[in-house]
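Next up, some structures in structure tokens.
What follows is subunit A paired twice: with subunit B in the first complex and subunit C in the second.
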Partner chain A sequence: MSKLTINIDGKEVQAKSGDTILETALAAGKYIPHLCYCPGLKPEALCRLCLVEMADGELITSCRVPVVRGMVIKTKSPAIDRAVRPTVELLIKYHHERCAGCPASGHCELQTVMSHLKIDRKRVRRLRPPPAKRPIDVMNRCFDYDPNRCILCGICIRTCEAIHGESLLYYIGRGHETKVAFYGDEKKCETCLKCVERCPVGTLLAKNLIEAK
Partner chain B sequence: MDANLIETGTKEILSTHGKGHNKLVPILLDIQESFGYLPENSVRQVSDFLNVRIGQVYSVASFYKRFQLTPIGKRRVTVCRGTACHIRGAPQIVTEIENTIHLKEGETSADLEYTLETVACIGCCALAPVITVNKAVYGAMTPRTAKELFNDSSRGDKNA
Partner chain C sequence: MPEKLRTILVCQGTGCISGGAGQLQEALSAELTLQKLNAVAEIKHTGCHGFCQRGPLVVIEPEGIFYTKVTQNDVPDILHSLRPGAPLVERLLYYDTVINQPIKSFHDVPFYYKQQRLVLRNCGVINPENIDDYLDAGGYKALRKALAMKPEEIIKEVKDSGLRGLGGAGFPTGRKWEAASQSPGNVKYIICNGDEGDPGAFQDRSVLEGDPHSVIEGMIIAGYAIGAHHGYAYVRNEYPFAVHRLGVAIEQARQRGYLGKNILGSKFNFDVEIFQGAGAFVCGESTALVLSIEGKRGMPRSLPRPRTTEVGLWGKPTVLNNVKTYANIPLIINNGAAWFASRGTEKSKGTAIFSLTGKVVNSGLIEVVMGTRLREIIFDIGGGIPGGRAFKAVQTGGPSGGCLPAEMLNMPVDFDSLTSAGSMMGSGGMVVMDQDTCMVDIARYFLDFTQRESCGQCIPCRIGTKQMFDILDSIIKGRGKPGDIDLLLELGHSIKESSLCALGQSAPNPVLSTIRYFRDEYEAHIFEGHCPAGVCTHCL
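And then the complex of A and B:
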């Protein structure tokens, strides 16, 4: 694979051709917010958090665009902030209010994004709809699903598709009531638990496997 | 509804459609039209016919409000909750109807007589607050007239 350099925030960075901008930046230790990107899966650019600014001022999703020799990009700018911040705030507004007690706390991508953007929790609290907690779904004998945490990144669906050819999981519903479900195909699940492993937040929760057997 | 009837009915519908993935919504619309909802077995037949996962069919079906996954009642009561109706008292009307026919929003009575649902706009805001019972439209409702509508069964029947 040939090497090339691109310019990220004024620094020359080594990149492999074929890699995306996001992968290059992450490898160089430059964090760009992202939620629906997952190494090894085809990028779908669903979350719109990985926006970067090109030299001509255009915003592009860095998870989807491969590097080109001599590219000059910015990962921080007022335009990016105006686009990304509201997206994150709206996501959190429908997310669980507290991180305490969440099994993903500490390695949650949403927490990383929030601290990177210095999201003002008080401001988000004002936007919050009245609490309507949705019950946890029992998915199968190995894991559960907490709809109050799902950010609908589709990583679980794409993972199932990538590993087993066709996904057993699908979106259900519409708008902020969308969730992910098996639709009666849960018996066909081979319980590889890769979806649970890759969920960027704490939505899919592995049960105590010994107990489940 | 009789399982055999559903099966043959679905077969008939499928025979009038081609096999492409883009036929999914037209097929589901036809099934919804003939049975009033999407029976589980029909959905299975559709998924076999088009060779798509059953989950994918449900994913599409659950996206559109037009599709029902459970049988609906003989009288489908739709209360508009659009902005105009909301401001002119739709919430109170919903509560009143809920108390009169003993159903919560989104429910169908056990005897399949009523289904109560709310929608975002029926499209006649000048009549706000408005409800429909099947195809009959009732405008300028108050909680009282709504209650009368369902207590006075003769009126309800006429429009059923």
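And then the complex of A and C:
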């Protein structure tokens, strides 16, 4: 694969053609906030956090844009901040659970995003509270799904699709009530637990983990 | 049999049907036989005639005698009036309060004569379930002409006409067709977008109900132009009459050889199939609509992505246009690009169709040339605000459009002017508001719709619109907080900038535009606990 360079935040960075901006930045140790990107899966740009600013000022989702020789991008700018920060604040406000006691704490992508953006709790407190908590889905024999922690990154759905051809997990509902569910297909689950493994937060949890807690 | 002297047109648009037009027509038929007038007049049912508010409507041709709010009790009098020398049924005529006189023919009613009904030319005039009516009105002539042209010539004609898509984005139709025609592959598709999920909108439904053949004809011509042989008409489930009449029209077009193999003796094959959508607003978005036809959940796909004209339905090059966009095509082919381009403004050609509703004297389905001023639409065609109340704002473009104040009434209605004012053309909703409307409450109403219709896949739209709705809800309940206006602006900006599809990207418009033009109303609610319009009962 041919090599090329792009400019990220004023620094020349080596890139492989075919890689996306996000992949290139991450490989170069340059973090860009992201929640729905997962190596090996088709990027869908659902979380909208990986916005970067192009030379012409346009904001684009870096997970879906392949690098082009000579590209100049910024990962931090007032425009990016205005677009992305409120999204993260909303996500935190709607994330019902506390980190203490969450099995994902310490390797949670949402925590990484929060600390990278230095989220100000005061700004989060301005927001109206989320709707009531929803019950945990315990349908699967090997893992549970907690809609109150779910960020709807879709990684579990795309993982299931990639491994089994067609995903047994689906989105159901609309608006803020959207969640992920088996929709009656839980018996077909081969319990490979890849979806649980890749969950970037503490939404999908293997059952023994919960009991051990 | 002698030539029938009169035709009694009974509007069977959804509005008139809900007012009892079905039974009215039956009563007219029965009475016609009873009064032995079958030789004098025939009864014909039509699609929407436009002036829905005065329905059920009956028009007697050739004079265009226009009876409004007709009930079954009026049937004997109407038929009696057909006898030589008999007077008109004056109580049913449209009464013009400006000249204080009843008006005999609809051609003279201000609601109609200020309009230019090009796309709607057949709506309310022909029987949509009788292809001969469409043929008598010049139907399928454009198809015959198009089949004698080269596909490139058709595309050039559509490009030169300046027609822009009427589904919302206003993308140049000719360029879209050109892109699809140049995409490689033998299998291509045509899709007609009849999702029309906006609350209160009925333009596309009315065209499908009133003149389905014009849409089919446009789709066939599009198919021939790009080399597609199959078309899908995506119509929402909630539109039973539209689905039925389109189905009848497709069947009749097949029988007469306008659809199917070797159309009109040419080598061109094309057929259309109806796809009934589940009625989600977001399924009107092009990529979601394509997924929906493929049997998947209708979720928009993020940019950057290949255009639908390259990778569309089942991965094939696809042209997706709005109902009204297709209905324009026969006009352009018949009359030529120059004829079409002579109407409208420099960048918006042809006509715009609106569902005019809200606090306006004459509501209904209207068509005006692009560039007509808002004032002419609301005050001349719409007859102004009822009850001597004052005009406050007009909202265009459906749930994601903006609210424009009285200062903007002189603005010409076209794609670019509306967008620059913070609203949009959308698919053609137009809601008029009077002095008794609370702008915060209106913003809340639209946000309530979008937050529920958000497909839920991207964070800013899913949570952001809900949060905006919650803030607006607390403001109208007297629980607004000092920083709320800034917070709404911040959120609105972020949602517009970062959402995945145009639903989220435009959802904050009602809030941002009402803050831009009616900020004092927000402040009155938040700081004084007072609703200036007297609507929000918690704020007095």
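To be clear about the criterion, the second predicted complex is superposed on the first by the 202 of 213 C-alpha atoms of A that agree within 3 Å, B and C clash if a C-alpha of one lies under 4 Å from a C-alpha of the other, contacts with A are read in each partner's own complex, and residues count from 1 in each chain.
Going forward, contacts are C-beta pairs under 8 Å (C-beta built on N, C-alpha and C of every residue); 3 or more make two chains touch, one makes a residue touch a chain.
Just so we're clear, the structure is a prediction, and the values are computed from it rather than from any experiment.
Asks: Once chain A of both complexes is superposed, is A:A181 in touch with subunit B (first), subunit C (second), both, or neither?
Replies: first
Asks: After superposition on the shared chain, which partner residues are touched by A:L59: those of subunit B (first), subunit C (second), both, or neither?
Replies: It touches subunit C, and subunit B stays clear.
Asks: Output check: A:A206 vs subunit B and subunit C. Expected answer is one of first, second, both, neither. What do you get?
Replies: neither
Asks: Is A:I136 contacted by the first partner subunit B, the second partner subunit C, both or neither?
Replies: A:I136 sits against neither subunit B nor subunit C.
Asks: After lining up the shared chain so the two structures overlap, which partner does A:R48 touch, if you call subunit B first and subunit C second: first, second, both or neither?
Replies: A:R48 contacts subunit C only, not subunit B.
Asks: With the two complexes superposed on chain A, say which partner A:R126 touches: subunit B (first), subunit C (second), both, or neither.
Replies: In the superposition, A:R126 touches subunit C alone.
Asks: For A:L117, select first, second, both or neither according to whether it touches subunit B, subunit C, the two together, or no partner.
Replies: neither
Asks: So, A:L168: does it touch subunit B (first), subunit C (second), both, or neither?
Replies: Only subunit B; A:L168 stays clear of subunit C.
Asks: Looking only at subunit A, is it subunit B or subunit C that touches more of its residues?
Replies: Looking at subunit A, the partner in contact with more of its residues is C.
Asks: Please identify the positions on subunit A that touch both subunit B and subunit C, taking each partner from its own complex.
Replies: Overlap of subunit B and subunit C footprints on subunit A: residues 170-171, 173-174.
Asks: Can you check the complex and tell me which residues of subunit A touch subunit C?
Replies: 44-49, 51, 59-61, 64-65, 79, 82-87, 90-91, 93-94, 126-128, 131, 151-152, 154, 170-171, 173-178
Asks: List the residues on subunit C that touch subunit A in their complex, please.
Replies: Per the stated touch rule, the residues are 280, 297, 299, 301-305, 451-460, 462-467, 470-471, 474, 481, 483, 487, 490-491, 493-495, 497-500.
Asks: For subunit A, which residues are in contact with subunit B within the complex?
Replies: Within the complex, subunit A contacts subunit B at residues 166-174, 181-185.
Asks: Give every residue of subunit B touching subunit A within the complex, in rising order.
Replies: 53-56, 58-59, 62-64
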